[in-house]
Structure formats: structure tokens, C-alpha cells
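Every chain is named by a letter (A, B, C and D) in the order it is written, and numbering of its residues begins at 1.
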Amino acid sequence: MSKVGVVVVGLHGAVATTLVAGVALMVKGLAPRIGMVTEKGEARISESITTLLSFAPLEDLVFGGWDVRFDNVYQGAVHHKVLPPHVLSQVEGELSAVRAWPAVFGRRYAENVVGDNAVKAKTFRDEIAAITRDIETFKEKSGLDRVVMVNLASTEAYLEAGPVHATLEAFEAGLDRDDPAISPSMRYFYAALKKGMAYANFTPSLTHVPALAELAAKTQAPYAGMDGKTGQTLLKTALAAMMRVRRLHIEGWYSTNVLGNSDGAVLASPESNKTKVLSKAAVLDSIVGYPVENHQVHIHYYKPRGDAKEAWDNIDIVGFAGVPMQIKVNFLCQDSVLAAPLVIDLVRLLDVAKRTGDFGPQRQLSLFFKSPHTIEDGDAVHDLFKQEQMLLQWVKQRAAKLASNGTRTIEAEATA
Amino acid sequence: MSKVGVVVVGLHGAVATTLVAGVALMVKGLAPRIGMVTEKGEARISESITTLLSFAPLEDLVFGGWDVRFDNVYQGAVHHKVLPPHVLSQVEGELSAVRAWPAVFGRRYAENVVGDNAVKAKTFRDEIAAITRDIETFKEKSGLDRVVMVNLASTEAYLEAGPVHATLEAFEAGLDRDDPAISPSMRYFYAALKKGMAYANFTPSLTHVPALAELAAKTQAPYAGMDGKTGQTLLKTALAAMMRVRRLHIEGWYSTNVLGNSDGAVLASPESNKTKVLSKAAVLDSIVGYPVENHQVHIHYYKPRGDAKEAWDNIDIVGFAGVPMQIKVNFLCQDSVLAAPLVIDLVRLLDVAKRTGDFGPQRQLSLFFKSPHTIEDGDAVHDLFKQEQMLLQWVKQRAAKLASNGTRTIEAEATA
Amino acid sequence: MSKVGVVVVGLHGAVATTLVAGVALMVKGLAPRIGMVTEKGEARISESITTLLSFAPLEDLVFGGWDVRFDNVYQGAVHHKVLPPHVLSQVEGELSAVRAWPAVFGRRYAENVVGDNAVKAKTFRDEIAAITRDIETFKEKSGLDRVVMVNLASTEAYLEAGPVHATLEAFEAGLDRDDPAISPSMRYFYAALKKGMAYANFTPSLTHVPALAELAAKTQAPYAGMDGKTGQTLLKTALAAMMRVRRLHIEGWYSTNVLGNSDGAVLASPESNKTKVLSKAAVLDSIVGYPVENHQVHIHYYKPRGDAKEAWDNIDIVGFAGVPMQIKVNFLCQDSVLAAPLVIDLVRLLDVAKRTGDFGPQRQLSLFFKSPHTIEDGDAVHDLFKQEQMLLQWVKQRAAKLASNGTRTIEAEATA
Amino acid sequence: MSKVGVVVVGLHGAVATTLVAGVALMVKGLAPRIGMVTEKGEARISESITTLLSFAPLEDLVFGGWDVRFDNVYQGAVHHKVLPPHVLSQVEGELSAVRAWPAVFGRRYAENVVGDNAVKAKTFRDEIAAITRDIETFKEKSGLDRVVMVNLASTEAYLEAGPVHATLEAFEAGLDRDDPAISPSMRYFYAALKKGMAYANFTPSLTHVPALAELAAKTQAPYAGMDGKTGQTLLKTALAAMMRVRRLHIEGWYSTNVLGNSDGAVLASPESNKTKVLSKAAVLDSIVGYPVENHQVHIHYYKPRGDAKEAWDNIDIVGFAGVPMQIKVNFLCQDSVLAAPLVIDLVRLLDVAKRTGDFGPQRQLSLFFKSPHTIEDGDAVHDLFKQEQMLLQWVKQRAAKLASNGTRTIEAEATA
């Protein structure tokens, strides 16, 4: 018995429903096992992490979670139109059976989100108790060994860390008085940390505050974030690495994105847009080693694109003898399709982290994020290939540790 | 006194004239020092090889070489139109002073090349003697410490290694009877190896044959090749690495190139085209770890593009749950501008290899080539970022070796 | 009672099944009425031809035809994957009911086509009799007023007109001896012309030969062709017209196409490819009024694209003071989706031509073809907007004629 | 003797200097005569307007004008970097000889423009008198028959027509009190109209107000505007016409522009940007005949692009049976190079208009503008090919008129 529970904040959203549907399809052999570094695939790659370590099989992942909208995962998936109807119908039974629990929800933080399956609770403390009960019931009913929490909810409104987030004491006092500066995402994170659970924040919402870092250290909970690195930023951190390798000078980088899903609608508000844009812009300078002067990132809501996302990048480079050259990239992608497999990787790798005694921000998981959590500010690595090296290094060390401990002992330690 | 000579086969071609012009411009402070990993630049990159090792300064590079066309480097540069007239005029004096020696030349190997500055020699042995004399005179007159040879000539007609290339004995017997299977490129390489000189083959012409590998071992000469990795293949080996990192399945990759310079005209002949295409196609499978089923590479001569080169790539990927996505890349580049700085890197790094006692194929220089020379077949690494790691590793070791030897000893050993 | 029959050569192919499915969807109100100039749409365009003339309503079109493959239109449509499964299932009944009659088929002309529903006939004359019987039975059973024949079969192997095609007498003598130079397409066209039916050749296969022009004149049958103008050529004839309007000089035009359907597979053979490429290349010079020096068209079979077709065009233009500029166009289209509505337009407009007494090549229908049939060689108009003017002019005249005749008279004349 | 003077507001700007340089190059035979419909070129186009009418030869155009910046046209041209240095140096003499007169200038209308060659005048009336004197002196000294004024100045700040612009009386009263609502552009236009001169407004600045239309009628002056149709909008009005011809439904059109010249800097201010964007957005609906729901136009100042301008368009279309398709266009153009020849066409055609007695807004010149002036609101034609028809029609009529009058008479009438 070694089932791993995955509890998702935003279970009926585009990413989560694609995730649950994809796992169901793969388990039934109806879809290829593509997109995860933690899954053995067709590729014969030396130093692949799956040759070093075994991970929880897809068959053993059990999904639960919270949402305010839709009756079940199937209805959400049909609405979001990421996978086509004839594909979804093959796993309609599996998806209909997964139904979200009532969610903690704050109008202030998600003004464009509509839904009524909200938790009935009078205080933040009551909400946290409800979250905890949901997890415990889920764990017991599903016969789970360990549970990992993943935040896949809509991006919350912009928030800066304040005094209430500075220490655990201040934070808990804030909880006692329902301080509005404690966002729904933080309440979920707090609930997870209290139980010592592993946690991943796949959204750009603020959760990595000193108070909760303090709690994670106390309960020895590992966590990772933030803002999944999927389309344009993924490409940017690969292409910028190429420029670095060849010492081609980036004179300018003009990036524009169009997307037409509910994420896009959220980003149509100037405030959210600015937050997202800032997060995307930061990656470049750290990779190439100098401030790129003309770097622009634009995001526009464009309805015809639907859940698909399109990025157009123009890169102006200066080469030898000062000669200008240009690269244009047009990426026609599906945001949720790029995101879902990363969630599986994160769950499995955080599960290993927990089992091998790691806690706090898991820098080795930077590979999956636009703005990786680190212990020290300014310490983030953005170069895709350096991130890969970091992860590989960590997997090697943990594989060695697990091997010397003996698997049985580790399993016994697993307490999540 | 530590001047390094660079003798170029094809001194008046587009790459070589851009190289000589670029160095002159940089030395005069008229162009930024961009595009070389062996040159300290503005970028603050951890583990940069320039923080580990010092290289021959640009000011100490002296250029010579052979060509059949044009009176001098300035005339070649004006003809090739890589750099604009008002830029070239700033270094007209420097460029006019560099004039190619008469070249070894075989009509059979370069049917579209026109020129009359050919070496007057009746036999291959006489030609090789002429090459050797040119180098010796150059070294003496210019007061050079060491000389590196670089092949930047037009791509030769396709050739497979045969019995005459199998052993040094057979090769030298072939030289004695002017065997037409011994191409001009091989005669230059032979001359360089006899003197124990470092050598780089930046073209796809065949030079790395067993006979000459044997000679290199005997004279302890390091060499590297082949086919400089500049535009589309550079991009391909970076993007394919990204796909590998994310385990996105490449369902197809359609690449087309247009170029309008004399290289392009050469590639308009089906035979040369096929050779080039095969060389470009090989890189993908080794990076992603499985055979990519629908990989096409097309090259077309298209006059309006001139020396500029344009690549258009369409990449079909399959992601999570089997969902298809597309990436299109349009690279507007200048082939010679991408190539020239790599030649400087190769000269400097081969110079270090020679000084630290390395000889034979220099696998750590794979970063610069489409089809890197290795000792064992099938041992080539194509992933741009793994190539970078390999080079960095080697530089670290050589830096340590040079440090423990003391610089003085090494300088004394330098015999080129 | 005024039903119009459409008999299709290649009824189970990608274009024809899309056509039949699209009409069924539109009639049921499940798809918008888009893509036809003969259908009243949302657009308020002055001088629209639908304001001048009424056409046979979609509800009155009845489809029949011949094919060697698949049991019925539904099976063909599912196989070709132009429309998604959940869309096709909405008209499964309608599509399953349309089943092709055994087809005339020549291995020599369609080597990659597989199928066994071939007409059992010993001689060409017997085949033609079978075609004629099929049409007559169809007309009677379906209660049709008039019937139009459309050729949507696979492109036949390249063929040049020879002596047997020179006169009707020679042609009929050829039929008598089963001359292999009389292709299947010609036998269908002959059958149609004998009955005085209107006919459209949407493929690049050769049918417009003097012998059959002679027959058309005799039986007063109008016809149009050839090679439907759908994706890249459509764009080219619009963009070239823009260049003409602005007198921008086209220095070069590089076009490449990838497609992955059975059409693409046919075009992978060098002979068919060359034919297609020549047909595509001709259009440019006639629009801009001078020979474009660097015009290249490439077509490649690329499996991942399926029925979708992708074109990439690079256009080099020279503007005022000799300054070069570039336009790049990437067209992601569905070939059959662009083609099917043109077939409806052709059927309706040829029906008007027949009713108003036009016969022979219908030059006013040039708008729909890559290589429009004309009476005199070199008389073809390729400019999309001049073609539109030509059609509009003709519609105006025919509308006037129909109005003066009175509709009743015309209906009486209809004999197809 | 039949020289035509061209007086330019903004003589030292990018468009004007390119214009003057281009004419000088063409006259000296150093550049091809490309980009003008009024110039006989290599193209053999039926119904070309140059086969119908003769225009003032390039050799007879004489340039003058006003500007606040730079000493002469050569210095402006060098600064703007539209033409490369080695091209400009061929006409340095000609360009240095053309020096702007002190300009009328209002800080309020051009906040980012810097320069000190402003006219010394205390009142608007004095400024207008200075403009008039400049023109008269120019005409006399250069021995000119006729003079046309063209506005090529920087885009002025956004302005709506108010009471002072409603009648000529109100306007002249406004002039008397130096009403700030009368922009510099309007003062130039007023000066031109008072003399009955032909005038073109190539900028989006407001000049076509009722008061000045009234004056034009009185003095029988023809004029045209506004906002030259050069890059992206040119393409848009051609491609939208193609969609109309094929009745493809435009579901969305996403346009983004980057440019890095001083025009771009002006457009970086939100107010100017909005004005420009609105002007660009209007064209689509009128061409296709229905409101395009998802039409976005973005303009960004992006320094690395310099005077070159780059447009990227994504067009989502819906075809037959509701199937979506996409077109992407990337236009790498030079704004001034596209604009300059249109100015020559406008000068010549306005000269014909003046000579044949046309006055008021010249709707037949719509071909050259983003927002063509018309007599009635909502009467603008945007379709590039309908605009071409309109112009051709007018030229035919005017050619007939000129022929019946006899050329001599017309020349006698010319009074500029």
C-alpha cells in the first residue's frame, strides 16, 4: 500500500481537470506518457532521473481538492475545452467521480471568478479546520500513505508581504482576527504546513512569506513555487541560454502573448497584468549576465484563442563586428497541457523530498517555475539547463541517501 | 613576445574576411567584443571560461593564408558584402595589407569556384612543400610564437574515405602518385600535421581520416572539426535540448534554409546539398534520445538573401495527453558573422590544447561544430548545453595543469 | 421542383466528404453559411452577387458520384479527419446514406490510390455507358431538374495533350481502341459533355483538350477549371495585387508548403510535384506585369500536418530608392475546408451559365482556379481582384438577361 | 518651363529627407524608379494610369519647406538612417543645398520635438504671412509654374474639432486672437488654401475641418488626406479584401507594431497612441461588411528597430463548416521608404486635379490614406482594390477632359 494523494486548490480549473483527465487516459493506455521527467519514456537519455530513482506510479495517484465552480472534474474539463470531446468521453466515468469539496474563497482576491460551492465557515480558523478535515477524510477513505497539496487556483490580486506575514506569531494572531491580508492561498498553505505536508504553489499568488517559512521549518514541510514555467518563459530561458553560450548580445527582446481562457480574462485587468509581466521580465538578465535594455513583455486577452495560448517573440541580437540579426519565434501552445505534467513531477519530487527529510523552499525544483523560491533573495537560477543540472545533482544525492538508508526505513518515516 | 599566427585556407572568403575585418575593428575599438567565449565581455557569468584561463589577446593575432580569388582581404570583404561599406572603409588599410598566398586548388573538388591565384606546383609533394614554406616565412617575418591552421575554404565535393585514407603509409604513397582521392583540404591538413600544428576544419569537407589521425598522434598535433555550428543547427540543438528537458515529444521538425552567397550556390548542386543536409539531420536524434520520425532539412539557393541566411523551422510537438502543439522559428542571420568569432575561439582553445600537450581530435570543442570529431564513432555529443559543460570541464582541468606547471615551462614547450 | 444534382468524381475523398458534410450541417443549422460568394451571409457588401441573382438553395442540392474507396461519405469523412468526430456524428445519418457508385479508374494515372469499388467494364465505351446510366438513374430517382459534374478525384499523373486529344474525331477513335492516353478524367468529362451537362475540373489533371472543347461547343455545355485556388496561391494572388497597386518591386518570392494528407503523398512523387509547382509558379508574373526573377515554390509531404496544410512565404520587395523590405506569411489552413465552398459556388454559377446559354470554357469563373481555362492561350487573369470584377460583370449581365427573359422561360430551357 | 514646387512641412524629417534623397538618386540614375503609380516602370500592366496621363517628370520637381531641426536635408537624412551612408554620400551635394525655412511650431502640439529653427513671428497672422512669403520667394527664385504643399510633420497631439473650426468666419476670428485650438498644421493649410494651392496631409493631425473646407471651396483648392497608408494598414486592407472575396469570416485580428524612430517615441505617449490605434482599427469593418469582433491594434516604441518598422499580424478566420484557420504575417518594412513615393504620387495627382478644376476633398486619392477625406461622413472606401478602381476611373475621366481641352489651354490655366 503506497498510494499518494494529491489535493488540489482549484480542482475544477483548466490545469487540474487536464491533469486528472490525462492521468486517467494514461492509466487506461489511451494517451502516451509524455511531458514528465519523472516518468520513464521512450527516450534513451543518459543521466535521466528515472534511471536514478523510482517514483510513485501514475496508477497510485489519487486526486481530491477544492473548487467553487462545476459539479465535478468532467464538467470542468468539458467547459475548459482543453481536450476534445471525443477524448474526454473515454474517461467520463473516472472524471465524473472526482468532485471538489467546498472551497475557501475570498471575493477580494478573485473578483472575476464565479461559483457557489464555497465552504460554510464563519472564521479563518473554521475554514482551516474544514480544509484539515477534508484532507483527513480523503486520506482515510482512499487509504493513502501520503498527501501533497498543489495550488492551481486562479491568480489572486496583487499583494505585498506586510507585518502580518513577517512572523508566525503575527500570522497566527492575524488568523485569529480574520485579517484580510491573509489570502485564501495562504490559509490553504497554512493548513498544509500544520500537517507537515509537501506543498507546491503553481500560481503567481503570494504564499512564500517569512511567517509560513518559519512554520515549514518547524513542521519540516518541503515546498516549492512559484508560477509554473510553461510557454513563452520556457522558450525564453532556453533561447537566452543559447545566447549566453554563444555570447551573442541581446539588444532587445519583444514578447507578446495572446490567450483567450479565463486566465486571460483575469490578466486583462491592468493590475494582474502588471504583476504577471514583471514576473516574466525578470528571468532574462540573470541568464545572460547583464541588464537587457529593451525587454518588453505584453499580455493580451484575445478571445478567439480560447485555452490555447500564442506567443510571438522578436529577439534582436548583435553579433561579431556589431552586426545585427533577428530571431522570431511563434509558439502555438496549450497552456494547461504544458502545465499539467509539471504538477505530476512536482508531486513526485516533493514526495521524495519529504521522504528524505528535506524541508523549506526546494530550490532544486526551480526547473518548474518562473520565479523559483530560494532561501536567499537574488539567489534564483533561471537558465533552464542550469536548473536541470541542479535537479539532477539533487536526485543523485537523494538516490544515494535512499539506497544507504534502505527503502523500508524511509517508507516507515513517511508521515505526510 | 607571444604572437599567434592564424593561417587560413580560404583567406579571401566571406568568413575569413569578416574575421580579419572584425578583429581589426575590435582592436581599434570600433566594434564591440561580442560573440566569443574566450573574450571577456560585459556579461557577469559564473563559471565563465575567461575567469579560469587567459587567452592570446586579439591584438596578438596575426592573419595569413591562401586563396585563389581577389587581391587582398579588403577586396574580398567588399565583394562579400557581409559588413557595410562605411564600416569596412574604417579598416581599409589593415585589410588591404593582408594578401593571400597562391592556393592549392583542385577543380574536381570545387567546380563552382573561380580564381587564378593558384600555386604553381607539379606534384602534391611540391604543393605541400609550398604550403610549408609559406607558413615558415610567415612565422619568421611576423615574429610568431605559434601558428594555428584553419580551413575556411568552400565546401568540397562529397568524398568517402577509401583505402588511400586508411593508413599513413597508404596516404603517403598516395601523395607520391598524386592520387586524386587526396583532396586539397587533406593536403593542407597533412602539411599542418607534419609540423605538429593545431588545426581546425570549419567546413564539412572530409579531412578526419585514419591516415591523418595517425599522423596527428605521431606529431602530437591537436585538431578539431567539422562544419561550424552557426545558424539553424545552433538553434536546433538549443531547442531540442529544451524539448528533452521537458520531455515534449518531437513528432516532426521541418527545416528550410535560404541563402544567396557563394556557399549557397555550391549547395544548389544536389550532391553537395545532400551531404550538407545529412550533416544537419543527424543532430536531433542524439539529443532527444529517440529517432525523430519526421525530420526534414531543405536548403535552397535564393539570390535575394545574399550573404544573409534565413532559416524557417516548424516543430510539431506532442505534449501531455497527446495534445499537439507547434513552434515556428524564423532566424534572420548572417552566416559569416556567426562563424567568424567561433574561429577566434577555436584558435585560442587549440592553442591551449597544444600548450598543455593535448593531441588528436579535441572532443571538448564539440560546442563549435555540427559534426564534432570524436575518437569513437557514435560518441558525438550534440546538445549545446552538454557541449558547454564538456568545454568548461576541460578548461578547468587545463587551467589547473597550467597553474601547477607554471606558465614559463609551458611557453617553452610551445613549438607550433 | 428545382433540385440540382451534383455528381462528383471522387465522392469519398477529403474535399467531397467535407462538401457533403458541410452542406448537411448548414442545412440543419449546425454550421454557419460561410465561404461562398453565392450564399447570402452576414456581410453587407455593395455589389455582392447575391443581391443580383438567386441561386439554387443548399437545401436543393443532391449529391451523388463515384469512388473506389470507402463504403460511404461518412466513412470517408471519418478517415480524412477534416472535421472532428463530434461534428461528423451530428450528420452521420445523412452522410452514411450517400454511397459512391463504382468508379472508372486507371492504375497508370493514380498509382498511390488504393480501392476496389471499380466499375466492371471491358472497354472505355462500356465505362462511359456506365457513367451515363449512373447519372440518369440518379436524376430520375432523386427527381432532379439539372445535374452538374465536378471532378474532385486525386491528381492524375502528368500528361501532355497529343494527337488523340486534337480533334473530336481522333478522340472518339481513341475511345474505340481504348487508347491509354485518354485518362479516366477525360472519360468522365466526355460522358458529361455528351449529355450537355455543366462540368468543373477542380483538379490539375488534364481535361481541357481541343477534342473536348469541340464536343462542348457541339452540345452547348459550359465548363470551368482547373486546379482550385485555395491556400497559398489564393494568398499570393492577393498579395501580388497589393504589390502591383503600390508598384513595389518583387525581387524574390520563396514559397514552401507542407501537407500530410493523401494529396501530399501523391505530390511526394517528383513528377506530380513538378506539375503542381509549375502551375503554382505561373500566376505571379501575369499579375505584376514583369517576370519575377527569384520565384520558388516547394511542396513537401510532411506527415504530422495531416489534412491541414501549412504555407510559409517569404517575399523580398524593393521599394523607393532601392531599399529592400521583407514580408513573411504563415498560413495554417485546411485545404478541404477552403476548397469545398468553392465547389458549391461553381455548381451554382455553372448552373446559371447553362441556363443562360453560355457554353465552352467559362473564363468568368477564373476566381476559383489556379490555372483558369480560357479560349486563347495566355489570356488568363490571375489577379484575385480583377477576377472578382470579371465575375461580377458577368453576373450583372446574366441577371439582366434572366430578368428580361422571365424566369419561367429559362426554367423550361434547363435540360442538363 | 513647367517646374512643380513641393513645399513640405517637416522638410528635415525621415519621410521628407528620404523623399528628396530618393528623387535625387533617381534623377541621377542611381536608384530604380520604384513605388510610384505615376511613374512609368518596368511593369506592363493593362489600364495603368501612366498609359492614360502624363505627369510632371521627377526632373521637374523642386523641393522646399520648413523645419525646426537640422541644418539641411543631408544632415536630417544622415540622422534618420533610412538610407545607408554610402548611398546618401552619392547625393550629398544635392541634399545639402536644400535647407528648411524657419518653421511655425507649437510646443503644445509636439512636446517631444526639439529644434530651434522656428519662425520669428508674434502672431498667427504674422506666421501665415511668413509662410506665404516663403512660398512666393521660392516660386520666383526657382522659376516654378505651380506649387503643392505637403504636411509631413510629426503627429500633433490629439485634437477634436470645436466651434473655432466650424466656419471660416469663426476660424479667421480665431486667427486674429491667436486661438490655441488652431494648430500649426491648420495655419499651414490655411496659408496654402488662401493661395488656392493643392495640399496633402500625410499625417494623422487634424486639418480637415469645416472652416477650411469652406475656404477650399472658395479658392477652388483641391486637397487630400489623411495619414498615409504604408505598412500594416496597407497589408490589412489587401488581406481583408481577400477575405471578403472568399467570404471567409474574420473571427479576430490581432495586430502589433514595433518601431524605434522619433514617430515611435511620439506614439509612446498613451494619448497619441490611442489616436493612431483608433485610426488603424476603423478600416476593417468597412471592407468586410460586418463588425469584426476581436480586432486589436497595438503600437509599441521599441528602440532596436530604428526607422524600420515591424508588424506582426495574427488573423483568425472561420471557414466552411465552421472550421478555424490562421494567417500570420510578419512585415519588416521601412516606414519612410513606403511613404516617400506616395508623396510624389499625391503631388502629381493633386497637380492634375488643380489643373482640371477639381477642388475640395479628393476622394479618388483614398488609395494613399488610412483615413481618407470624403465629403460625407461614413463614405470612406478602405478596400485597397476598390480604391485603385476609384483612382483609375477618375484618371480616365480627367485624361479625357484634358484631351478635349487641349494641353496648351490647361497649362495656361495652371496658376498654383
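By definition in this document, a contact is a pair of C-beta atoms (placed from the backbone, for glycine too) under 8 Å apart; a residue touches a chain by one contact, two chains touch by 3 or more.
Quick caveat: nothing in here was measured; it's all calculated off a predicted structure.
Contacts with chain C and chain D are shared by A, B. Each of A-B and A-C has its own count of C-beta contacts, and the greater count is at A-B. Per-chain CA centroids place chain A at a distance of 51 Å from chain C. Rounded to a whole number, the gap between the C-alpha centres of chain A and chain B is 43 angstrom.
Annotation for chain D: residues 328, 330 touch two or more other chains.
If touching chains are joined by edges, the resulting network of the protein chains shown connects every chain directly with every other. Of all residues in chain D, only 18, 21-22, 25-26, 31-32, 34-37, 39, 41-45, 82-83, 87, 234-235, 238-239, 241-242, 244-249, 288-290, 318-323, 325-334, 337-338, 340-341, 367, 384-385, 388-389 touch chain C in the complex they form.
Across the complex, chain D is touched by residues 84-86, 330 of chain B.
For chain C in complex with chain B, the touching residues are 251-252, 254, 256, 258, 293-294, 296, 298, 300, 302-305, 310, 312, 314, 316, 324, 328, 330.
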